[in-house]
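Please see the structure below; I have some questions.
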């Protein structure tokens, strides 16, 4: 089901991470991580639990602050100047494992408020764009509901729409499907596949190997705060280099077997 | 893996359920259910979610009160006289999906307290018996720990030992493995298989079809509050009569495949 | 690379100051204003409280330092602590204080079997009563001799510990399936909770005697104690009910399935867990009761506030209200604050142990 | 067999309950017997007839006309209104202070955070009665009337209290407030009707301008069509006090301040708890979407924090009403000091007076909990 | 209500007198630095205890408030109410209490700030008065003003410390209370000259002890104990010389008073030396007065109306014979 894809080697760099180190107290969560993401590239990050995947992508929009190393996003070096940071965060959309929709706002309002408040877009225009995106994630008829009234999969699709409302140039996903039931996973993955097909730059932490095979340009495997291996999916799944990767892949397959 | 077994047709009836009806408010949860369980018989109840399996076995020891129909347990018709009810409950052991151990008591105390408090057995005797049973579920070395310090599978095995401490004549299981990880499921099933081998009368709600094949004398399939079909396992799995049963079995098999 | 980033990111202490104190203009102004206020006021306050204050002397005339005059408190400290308790028997008061205070560390050590702690708490009010009031070998002391901190602690501790069983019963009653019992408990709890304590104290002071047969009298301290117990029990019942509701349904079901009777289920399975989980809120409730005991002054019981008020009206100390009331405020603050920190700590421990 | 409700078991349970009820009834009977015997021995007639008698005591602060020649019943109303007045004032001030302290408690500014922590802990760990005595002392330490502190040229603060301008006809203020309230309700109702017709939820004009317009417009309209004459009356020093305006007595001020500061510490804790109970994910989401800190706080966090706050804040408000009974300590004539104090003392009708006071407080809390239930059903269930 | 002789029996069987006092009336009943109760009212209780039980220390002082004092008395919680309580008809009639005899003659007076330049109560039209609630002063003031068609406003404060504080700080223009209280408080103000005591008294205030209604025997005992203390002053018997006079005196009145002659004490159900016990343990009226409120105390009271009848005062103890 995997077709070879090619990203322009000369495409501008969207995200450059350079010798990144991050500690939580004394715990060394990211060890000298370096990664370059080209514009339009789709990267899937995987690895065992606690390996620092979430931490890595949360550093990209500075939900976590790193201590050493540089991160350059869309040509801008990240520091902790609040204004510049907000600017970058607007250009980098993010989807969380637990959706984090605003429960006191209707679905539509969830999608328009960020536009009107942060991009200064007029209410009517914001609404039109939001409805377009809701249409795209097949949630238009739920625009008037509140998040609490929707299923997890529906909420996640709205979270994606909300992130897209900011017209981001890069999208980050942190295990968007891991809190969902199987049927719902399919709904959400479908939306993500669509998005990938349109050429969005994506950095995606997920354990959905099917998704990785289908859309990723590169799969990055992390363990214990380090990038152990990165390779195009066909190579990654068929001939993993590092023994740790092999072990991880075996485990996933075994797990699948016992469950069946 | 299934060997033919035979229950003495003349064995005394352990549980007789007769035209049982139960409503939750306006919702008709059990519709005219009748079932007879002989002493020493091992019955597995399965069916889709919400079909009333839990409700049925919870009626047997009156954790739920039914509105119509009769239940006779060990020759005693169930009514709501508290003393008689407690008497019956002591003779019917039950294991829950979420173990429900008493977290403020040590493992050993969990097993001795019901004996001393409800059967009037002396502390020392109760302890000896409890240790024997803990030995049997291979938890003897954990006797002094508290439930919070143990894994789910270990807790479930202790729950079984605790139920057995009351010297029950009948054991009820309500999805004892569905809250557990695969490795732990195996531990618990092993204990249950042992128990079945010793001739305990068992009524067991579970989706572990392997277990059903191996130990059940009869598999009962429920849907929407009714018993749709009951048959010995070989017949149930190979030639299910009702289309609903077929559909259910198909689903289980498919689910196994998708998960794998 | 990393040297570059190191130079860009300033020293952690500086970063802390920047982030925590001066992140933007408004915050900076607020910080500076607060700092200024502190620098201006703290030395003055300290000077008045301590450096220029008078601690030794025998009359108001000795207060010449220009600061606070702590003499009324210093000279009357025995009165503040022991009230009119006979001098030769004050060891009983001290012992009672120590016994009451011992609950706090007892709650702390998890190793000690909870049953011992519970037994201690059940026994304590009787022991304290016996120690303070006398009888059975100790010379008996009339409750008219009780005043000051002694009364405050007596009412607080004994009131709380007597209220506990009553609160538990009320909570169980409120969750009972028997409509009559449930109704009575709900009525009682809601009625008591909806009126101010003062009216209940007035009731103790003015009405209770009317309802007793002729010739039967209960002294005012006991009446006030009863009212405080009744009052605290109603609030406590709600706390415990919260704990009961928070109990997983599975615990009840497991107990039922094992053939436990209602009272056995409650006493050995449910309540031990509920009580353990509700220790922090119960402690908070105790702080509330401890503060509430001060209202007894309204009906003429000389608790620590009463002694303070009568001190400020003694001819030799007139005009020193600020010092006396400040002492009172500090007294309550120290005790209540320490207890509330402790409650918070226990709560955190509980959260961790879950 | 199961359909018949009268099995032997039920009987035993019924018997048990009947026994308890009978015991309680017997206890009450016994108490009442004692009381009537004691009362007749004392020569006190029970009943509420005394309410019609002349009260004969003066009340220094009253919202309605009252002289010692009025009846005990009117004194009761005066006390009730005084209770409500000080409660409303305290609720307003306590909420304001509490929200400020609570927001400071969660602020990132370390210094402010610690200071408000200290303040909150100090305020709430000192008994209310100590607060009250202290505030009363402070009020009395204000300058004498002659040297009263001028508050922006319209009010005077002295040891007689705070004197502020008031309508020359006091009753007008009451009417104005009433019409204002009606205006708010009307405005709110019209707007919410309009907004339910809009196709999209959460859009359309905000609510508060409508409320404001209603609150201002309706009273003005009524004033224009009626023949009432409105005039501000500025206070001026005269003789033994001030003439004109209205004086909030030191007792009222002390009780108001003590209740406000004491309760503010509780509200601050509620606010802090509610804000901290908003999941971290909400902060992260809003940061990831590029919201500024202020907007995050006021558009996203605070609206979510309000709902869980409401029941706790309500019970704090009820506590304020109950605690206002401490007015008896400084001589603020509210419900307890008027009816439960002086009236009781003069007539000796202890049972009736205390019952009256208690019943009144019960009504307060009953009404509040009814309103709360209504709120929970109407609004609370929408999103949560 | 109480029956004849029951209170005495109760007190004797308890071997302790329970006496209702107030906790913050300097000079009458309050707690001194040593934690001892002291004051005129307190000493009357001590005298009764000495007379009845032979020991002035056998008293328990129960703090009562203006509100609950009569309830406490009627219910039997206290045996004597000695709390500067005015003798009025309505109290005698309504409240289940019986008055004994005046122990201290007082009158309600008015004090104002000196800088008002006011010399008569009538000039205080429209003034604010500080009052304590539930006392006769509240009604007296109302009567006095309404009779003259004058108006006034009030501030009512229960605790007397707070009350005087409020007045001193100018919270009220005037304060009304018993003259003795006003005078004593005035001496404690930081600047007593800044306050004027107006000359009029607006009421008669005979203060004294109340006992439960219905026990004439008990009322006799308390009444005659008070009389005995006064008579002692009249006859020159003091705590110092009582013992000596008991041993040898040629005055028949003294002999009867001290119980060496006659059997008055027994008739009361006490011992014959009841008055001797009271006098020797607490002193005579003059000693009590001087100790608690007299010129050498911070209160500096004049004897005024409380002089003996033969010294142009109102103290007229009935003869003990």
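In order of appearance the chains are A, B, C, D and E, and numbering begins at 1 in each one.
The rule is short, and it goes like this: a residue touches a chain if its C-beta (ideal position, glycine included) is under 8 Å from a C-beta of that chain, and two chains touch if they have at least 3 such contacts.
Treat the numbers as computed from the prediction; the structure is a model and nothing was measured.
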For subunit A and subunit E, the contact-path distance works out to 2
I'd like the angle of the rotation relating subunit A and subunit B after CA superposition, in degrees, nearest 5. 175
Longest centre-to-centre distance from subunit A, chain (CA-based): E
Point out which chain occupies the most central position, where each centre is the mean of Cα atoms. C
Determine which two chains are connected by the greatest number of contacting C-beta pairs. C-D
Measuring centre to centre with C-alpha atoms, which chain is farthest from subunit B? E
Could you grab the centroid distance between subunit B and subunit C? Build each centroid from C-alpha atoms only and quote it in angstrom. 50
Between subunit E and subunit D, distance of the C-alpha-averaged centres to the nearest whole Å: 43
Per the C-alpha means, the centres of subunit C and subunit D lie apart by a whole-Å value of 26
Subunit B, residues touching no fewer than two other chains: 82
Residue list for subunit C, restricted to those that touch at least two other chains: 23, 202, 206, 209-210, 212, 214, 298, 309, 321
Where in subunit D do residues touch at least two different other chains? 38, 41, 133, 137, 328-329, 344, 350
Spell out the part of subunit A that touches subunit D in their complex, as residue ranges. 61, 63, 82, 86-87, 89-90, 92-94, 96, 98, 100-106, 108-109, 112-114, 117-118, 123, 127, 143-144, 146-148, 162-163, 166
Interfacial residue positions of subunit E with respect to subunit D in the complex: 1, 66-67, 70-71, 74, 93-96, 126-128, 133-134, 138-139, 142, 146, 152-159, 162, 165-166, 169-171, 173
For the complex, which residues does subunit D have touching subunit A? 200-203, 279, 281-282, 284-293, 295, 299-300, 303-304, 307, 382-384
Could you pull out which subunit C residues touch subunit D in their complex? 19-21, 23, 27, 30-31, 34-35, 38, 178-181, 184, 190-191, 193-199, 202-203, 206-207, 209-214, 287, 291-292, 294-295, 297-298, 305, 309, 321-322, 325, 328-329, 332-333, 336-337, 340
Seen from subunit D, its contact residues with subunit E in the complex are 38, 41-44, 56-60, 68, 133, 136-137, 140-142, 144-145, 158-160, 239-241, 249-251, 328-331, 333, 337, 341-342, 344-346, 348, 350
